[in-house]
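Chains here go by letter, A, B, C and D, matching the order in which they are written, and residues are numbered from 1 within each.
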Amino acid sequence: MIGEQLIGVILLALLALTAITIARLRNLLATAMLSGIFSLLGACWMLFLDAPDVAFTEAAVGAGISTILILATLCVVGADEKQVQESPLALLVVLVAGGVLVYGTLDMPRFGDPNAPAHQSLVTQAYLYSANAPAEHRETQPSRDAHELETFAVGIPNTVTTVLASFRGYDTMGETAVIFTAGLGVVVILGGARHRRFEPSETVDITPSDERPEA
Amino acid sequence: MDAIREALSWLFIVPGALLCVTGGIGLLRLPDFYARMHAAGVTDTLGTALVLVGLMLQPADWTVTVKLAVILFFLYVTSPTAAHALIHAAYTSGHRPEFAKDAPLPREVESR
Amino acid sequence: MKNHVILRVVTKLLIPYILLYAFYVQWHGDYGPGGGFQAGVIFAAGIILYALVFGLQAAEDAIHPRVVHAGVAAGLLLYLAVGVVALLLGGNFLDYDAFGHHGQHHGILLVETGVFITVASVMVTIFYSFAELVRSD
Amino acid sequence: MKAYLVVAIAGVLVTMAMALVRAARGPSVYDRILAVNSFGTVTVLFISVLGFLLGRPDFLDLALLYALLNFVGTIAILKYFKYGNLAAGED
């Protein structure tokens, strides 16, 4: 048990190390690569917490697609981060906000606590029950019989899929609409690009300044 | 049977993990990019293969064994290709090893 | 990168498996980790790999941007259609029990397909639009 | 918990840390790409071993996903660095 905890601690330490490195780098190409690593580590951490569906999404989106889309953006805007004046006030605001968030976690139930409200709730039990009960079950036992829970039977082994696509179908529809809107926005803003190619004078230097050969 | 399985697991997985660590040390400590490439190769090929073959020996469903074999196949196709493309890009763009800073660009590499 | 022989051959070998794996994740989502969203992203990654190695023009010849734009809307429309058909069959909006005995199964599969189409199309659209901005050919 | 799996996961975690340090330190962009690629390979191993360690072999789906997608990311970074855009067709 201690050994398993140790794996989690090491993964979190690596995540923190990656995040600090990303914050300190001024070379956006390196930042893009390290954020790919960050996603990989995040997915491993979620997998360690036994949430393979979330890890799957993080893996596919974070490590696969978002690196490519960030690179596609860097092609347009160049790979040097704009130098900004760092003010102590900003640091203070971040520290206070972070402190408040950490304070908020103190009230949360312990990790894996069986008495946590999320594990005791009737809704959770219904979700878990429905995922494991076969669809035929409902036919033989009418809903008002014995268990109230049996009205929920869906008969699909993966609880996450059941909750996302069936119980929370409205929610997922909204999410699909959000993705649709994102695609629409990109098409509306950039869709006409093929008619107005960038002139050569507008091209940006995509090599980060610390990678350029000495001139 | 189980004793043989255990022994073979030790024989494959532990050397595989050691080779991974060896590759990692090389990646960290070797002096320049081309040398580090060799170290990464140790992790990517023999280390990966030994660990995955060792996992195939574990008692599990046959689908698990097939999936491990497929993973091994794809890793063996993709990592040497990525390494080749990477070193090709580095050499043609003028990156040179530490000990041969002024090596000329060979014509055949340039034209490929 | 089209003239790079090894890369070209390996990419041609790999792309069918990436697309096939996307469908595996899509249809196997009821039993294991995965679902429409993840499958869409993987499918898009396969198409983007083709565009990276063979050039944007080749990818646009294979899958025209207009088809992709249509896919963005088609996925969401499929999702909404499932809801409306459930409504017409006498159930509530998105109530898959209206589809009969295995209604939940079929409803979830159809809805996930809608998510798959929209996500894959949006990812490819974003890539096309950004790559289009700085193309050199 | 089988001892050889613990050894394997310890080795893999150490390798991940070393690849991460190389990716952060550079110095050239090629070192970083190499480190990210190695990191991806080692992550595939990590997920596989973790699946057996926790008794959840269905984690292997995720390892298979990485084995396929890691390549796409590496090629994208290489193309960006060599051509300056992601659209070029000819060399």
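Keep this in mind: a contact is a pair of C-beta atoms (placed from the backbone, for glycine too) under 8 Å apart; a residue touches a chain by one contact, two chains touch by 3 or more.
No experiment lies behind these values; they were computed from the predicted model shown.
Colleague: Using the contact definition given at the top, which chains are in touch with both subunit A and subunit D?
Modeller: Intersection of subunit A and subunit D contact lists gives C.
Colleague: Per the definition at the top, count C-beta pairs in contact and tell me whether B-C or A-C has more.
Modeller: Top pair by contacting C-beta pairs is A-C.
Colleague: Which chain has its C-alpha centre farthest away from the C-alpha centre of subunit A?
Modeller: The most remote chain is B.
Colleague: What's the distance between the Cα centroids of subunit B and subunit C, rounded to whole Å?
Modeller: Averaging C-alpha atoms per chain gives centres 32 Å apart.
Colleague: Could you put a whole-Å number on the gap between the CA centroids of subunit A and subunit C?
Modeller: Measuring from centre to centre gives 19 Å for this pair.
Colleague: Using Cα averages as centroids, what's the distance between subunit A and subunit B in whole Å?
Modeller: About 29 Å separates the centre of subunit A from that of subunit B.
Colleague: Where the CA atoms of subunit B average out and where those of subunit D average out, how many Å apart are those spots?
Modeller: Centre separation, subunit B to subunit D: 11 Å.
Colleague: Among all residues of subunit A, which ones touch two or more of the remaining chains?
Modeller: In subunit A, residues 52, 55-56, 60, 64, 68, 72, 75 touch at least two other chains, as defined above.
Colleague: Which residue numbers or ranges of subunit D touch two or more of the other chains?
Modeller: 16-17, 28, 33, 58, 61-62, 64-65, 68-72, 75-76, 81-82, 84-86
Colleague: Touching at least two other chains at once: which residues of subunit C meet that condition?
Modeller: Residues 1, 3-4, 7, 14, 17, 25, 32-34, 42, 45, 48, 52, 127, 130-132, 134-135 of subunit C touch two or more partner chains.
Colleague: On the basis of the stated criterion, which chains touch which? Give every pair.
Modeller: A-C, A-D, B-C, B-D, C-D
Colleague: Okay, in this complex, where on subunit C does subunit D touch?
Modeller: 1-4, 7, 11, 14, 17-18, 21, 25, 32-34, 42, 45, 48-49, 51-58, 127, 130-132, 134-137
Colleague: If you look only at subunit C, which of its residues touch subunit A in the complex?
Modeller: For subunit C paired with subunit A, touching residues are 25, 29-35, 37-38, 41-42, 44-45, 48, 52, 69, 72-73, 75-76, 79-80, 83, 94, 96, 101-102, 104-105, 107-108, 111-112, 114-115, 118-119, 121-123, 125-127, 129-135.
Colleague: What residues on subunit D touch subunit C, complex-wise?
Modeller: Touching subunit C: residues 58, 61-62, 64-65, 68-69, 71-72, 75-76, 79, 82-91 of subunit D.
Colleague: Which bits of subunit D are touching subunit B when the two form their complex?
Modeller: Subunit D reaches subunit B through residues 2, 4-5, 7-8, 10-12, 14-19, 21-22, 28, 30-31, 33-35, 37-38, 41-42, 44-45, 48-49, 52, 57, 60-61, 63-64, 67-68, 70-71, 74-75, 78, 81-82.
Colleague: Residues of subunit D touching subunit A in their complex?
Modeller: 1, 6, 9, 13, 16-17, 20, 23-24, 26, 28-29, 32-33, 36, 39-40, 43, 46-47, 50, 54, 56, 58-59, 61-62, 65-66, 69-70, 72-73, 76-77, 80-81, 84-86
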